């Protein structure tokens, strides 16, 4: 069908080196494959959410994808007003007949990252750097901690957050400093979920001869041989699918939960980190993945009770 | 006629729309002391600043030693041998004397070498002109008299042949002024030329060779000092006849209105500035406090008026104690009948950015008559200001004009009008006529006497000995924070001068 | 600030010069647009049309204006007392607590017109509280207000992050935000006001707090120029020595001025929380506190200047959003540049064209010149 | 863990964190001492970091990057100077404006040139400042106490860090021992005195503003070339404001600046290190409290120990000779 797709990014901006950027990549992929142009908008403040949604819906854009959990309230309103427009929201569930909600099981991918980190660590101390202390980031952290500790109770996971202002997502200097402090405390593998701040975390790891773990997109190539892996979250796929299915008239509203099983999250293995991934490591994550998919291992979802049991 | 050191031809200068100097011609002979007088705002400072290159004239020529030169900036003036002591000192207050003197004449990129040289040169100048100062003292800790020395030293250090002094004696004691004049005489004998701006006609008569008179931006007359008189000069300046001596009847002192007992005040550094001072003032008398600036008069006034906390002692106003050692509240004191004309009108007595009418209620803004419900009654305030403007002949008569746009004399009148019109029991006045021209002085003095005759108790502090002697019924002399003597107004200047210098006082205290 | 040049007639001083300055700012912005390879004319069209072209657009413009009036007034009030309050950001953020508490407590039981006054008091109270501490520290301990207010911005961010995470956020919600308020916590839009002009507010969150902002502006004018407190604040601001002489209690005035300033900043929270989102979100202030500094300075700290300055920034925000809707290659960062250029030319370089303009005007009409002379002397 | 070892690590982190603050605060010192207030340190640093990131990447030379950083920062300083010295505009407004313009244009230009969302590409080792190992650092590492102090704390920093610390005495020397410094301090207190002494107030203030630009440029270069490896939008993250706070905290004195910045750096390092740490008696404190700790402690210190900070007298007001 003829579609006029549109995508709206969250406050972090299109190029946040993680989540929004992944969404952008999905849209770009769609564009290059189909040649269909899409419209996009980066909001600059909360008041623009509803404005942007209405604007695109009113202009006849369809489907409209929005990245980020903060869109729920506005989408609920606007989706009801434009029942013929298809919407997709990522990282949040909105229960409307014309909305597709895509949520990820970040904890599952992070679990695998935790296992790899633990196995790569010599000191049995690994660490995590989050951007801000918010539930979503705890989902990452909790899965990671669980994965590492699944190797043994003597594994220690350090956990730190960058800040409390929006700068927290764009402060590579502080990110690097946090990582160094964690190295001082014995960590030798660091996993970040901190957007632009993470660039500094990975850099610090590379500089110090330790290992970093990327997030959202595949960041293995940033420092080949020094990034153990990346916990990829296929936001790009979600966006791409939303556009593509609309184009093929197959757009399904409802809730899409993407975990390991659905290939929505995973750890990235490629040439850049091939030398770091030992066969035992590979075997361990394959097993863990299988167990999780089979349901024999249940990874705790932080959001279910907002605590982390690990 | 000896040759000319300076000749100004057709100097014209406007600041925006203010025409400060109009087609001014001036001739100053070499080796003379040349006086320049004129009312506030006549354009004297502007003219001198043009000569010094601080301002640029719109038109006109400057001839120095027979050569027409362009003075584009103070640098050119300095090179031409001109030095200037500005009306408002141009010193860096947190610098030492030495640093101030070196500034702009440092010799080399790195200070060290210059410092040694400057120190030596300073020593020499000190000796030659008897201008003692501690080169390492910080300016803001020095009394104004000494600060002025630094200004003079700055000019001499730069080897000035022509020295301009803009109202130099405003801040000096008679002794200090005499000392200054001796130095000027010495400079003159060395063949240097001195330009002296002052409001004090007596000084003009005493020291200058010639005098030029300015009025409203124009040069209206030049006289040879020997051939003129104070009366003539005053008339030339103001454009009308001026009464130079205040007429004053007998004082009729009644009850004690203000009583100060064993007052001791320390400044912010903890130095004792007022030391165990006691005195009474009765209704219907003026008590003058004479003294060289910096001997505790300022702190005394501040403590009595509740601005500065005293260390110990008591003060009774109308028989009731003021909590001078605790939280004396200036607003409360006002309500109890104490009015205060502060020494520093620019920073304390006025808010220069306020409209005139707003300054006319400063300190009295709580008053019921300026209030309408919760709000200020702006109409009442302006009407009140207009009445005061009329009564005190404040010019321009516009209560909505920014106070900064009034001349010094008129600013002073704004303060006086505010404080006197409240009909206070006690009036404390600091430096009532500092920097004010003769016309205004006459007016202000009359008002002060009137206040006394209406039965007010007046405490007057002034560094002008003439003023103290002309107005006071009793004179207290302060030295180093103590009252070192009491005299009647017929005491001679010499006698008071010795007390002020602390010479007589010590003897007296010992007796 | 003293006016360094001859006095100009009012229409030039307050009309022509600001317009010329703005024109230059936009011209240079146009150059930047050109560099990015887009048409400045088109951008200009979208800017103006996007800000004022439709009722809805005007509604958005005025929504932002509301926010900036509050933060601008906040900075201005402190300014009159000689205090540079950089803490509007934090004070507005903390002010949100007051709004949220009022709404969470009463939104289900009381109508909005009863919740609103409670929320106003709450917002002002918390904002004032957050400003009071730096004010008190300045007055009693001499701590520099600029540093403490900067620090308090960071502390506010941490505090709010904690509160939203651990106190206000409903269990299981991803976003750091409170629950959405019921009717009692939702301010009505100003449709009626717009319809007077035959416009429709559409979906714009233009709400009644705009009227509150105008009221606050008038209140600030009364406070500063018509009350004793304002008189004392201005005296303090111009000359602490004169204030002491006049018997004005320095510490008290500083603390009160900061509290009023903080209260105004806090009231900003009403607009986004009760007027737009109907809940409090993480970082809802989004820099409005800093924009307030620019607004206050450009408005010369006078409500009559602050309102147009706030409107200008409202226009930049809304018109800017329209530009990036219509011209995707001009991103939201371009708007930040334009804002900066406007602040630079209309604010810091405001005197740049004055001499030339003065010459032209006074030269052209000798009558104006005479008028200026008599007025200026 | 060994207390001494922890101390060394904290101290090292402190040094790294305070380096940009020291440079920026010294930059502020030069202009503010000359009477030009500068709230635009943040913007200049950001602009410099961006220029450094771009040029170091393109030229593959860290020195070209540094040079570009200094140039851009000086240019921005001159804009500030033009507005506040020549045009006598409001210094605060000008500073705020520069912060805005830079925040926007670094992203726009970065995106236009590199298409990485306003980031500059990651720098390779040639494009970055490495660390300097002081002589014998490895040899003496095992000497008790002194060994770790020398090789752990003193050695192993970026050259810019050493430069920053050297700049403290150097700035002192320039301000208090040279003609330029004497004049600069004078012009911030009483420009009239400088003017009547035959020195150009305008040119002097421009030079002060240029000094500020140079130091801010180095501070910015430190962020993208030494601490990081390339530019990220908004990467100054408020450091310019903290530097300003440090400058006021230090009462506009070079030596105090060193201590103020080290203090800020230390508080930051401490908060980073002990996030999530279970303290004896208190237990774990919320992350947010740890993150706010540096700011809270600053306020407390300021209220408790530092008296009134009196800025240069002529600061913030343009020099107007003819009203």
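All chains are identified by letter, namely A, B, C and D, in their written order; residue positions are counted from 1 within each chain.
Heads up, the rule we're going with is that a residue touches a chain if its C-beta (ideal position, glycine included) is under 8 Å from a C-beta of that chain, and two chains touch if they have at least 3 such contacts.
Quick caveat, the model's predicted, so the values are computed rather than measured.
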{"item": "Pair of chains joined by more contacts [C-beta pairs], C-D or A-D", "value": "C-D"}
{"item": "Identity of the chain that, by mean CA position, is farthest from chain B", "value": "A"}
{"item": "Separation of chain A from chain D, taking each centre as the mean of its C-alpha atoms, in whole Å", "value": "34"}
{"item": "Geometric centre distance via CA averages, chain D-chain C, whole Å", "value": "30"}
{"item": "Separation of mean Cα positions, chain C and chain B [Å, integer]", "value": "45"}
{"item": "Touching two or more other chains - residue numbers and ranges from chain C", "value": "2, 154, 158, 161, 165, 331, 335"}
{"item": "Touching two or more other chains - residues of chain B", "value": "16"}
{"item": "Contacts with 2+ other chains: residues of chain D", "value": "111, 118, 238, 288, 291-292, 322-323"}
{"item": "Every chain pair in contact, whichever chains are involved", "value": "A-C, A-D, B-C, B-D, C-D"}
{"item": "Contact set on chain D toward chain C in their complex", "value": "79, 82-84, 87-94, 96-105, 107-108, 111-112, 118, 238, 241-242, 244-245, 248-249, 286, 288-289, 291-292, 295-296, 298-299, 302-304, 306-309, 320, 322-323"}
{"item": "List of chain B residues in touch with chain C within their complex", "value": "16-18, 305-307, 329-334, 340, 342, 344, 347-354, 358, 362-363, 365-366, 371, 374-376, 378, 396, 404"}
{"item": "Chain D residues within the chain A interface of the complex", "value": "1, 9, 13, 16-17, 20, 111, 116-119, 122, 223, 227-230, 232-235, 237-238, 268-269, 272-273, 275-276, 287-288, 291-292"}
{"item": "In the complex, chain A residues that touch chain C", "value": "13-14, 39-48, 50-52, 54-55, 69-70, 72-73, 91-92, 132-136, 163-166, 303-304, 306"}
{"item": "Footprint of chain B on chain D - complex, ascending", "value": "177-180, 182-183, 185-186, 189-190, 192-200, 313, 321-323"}
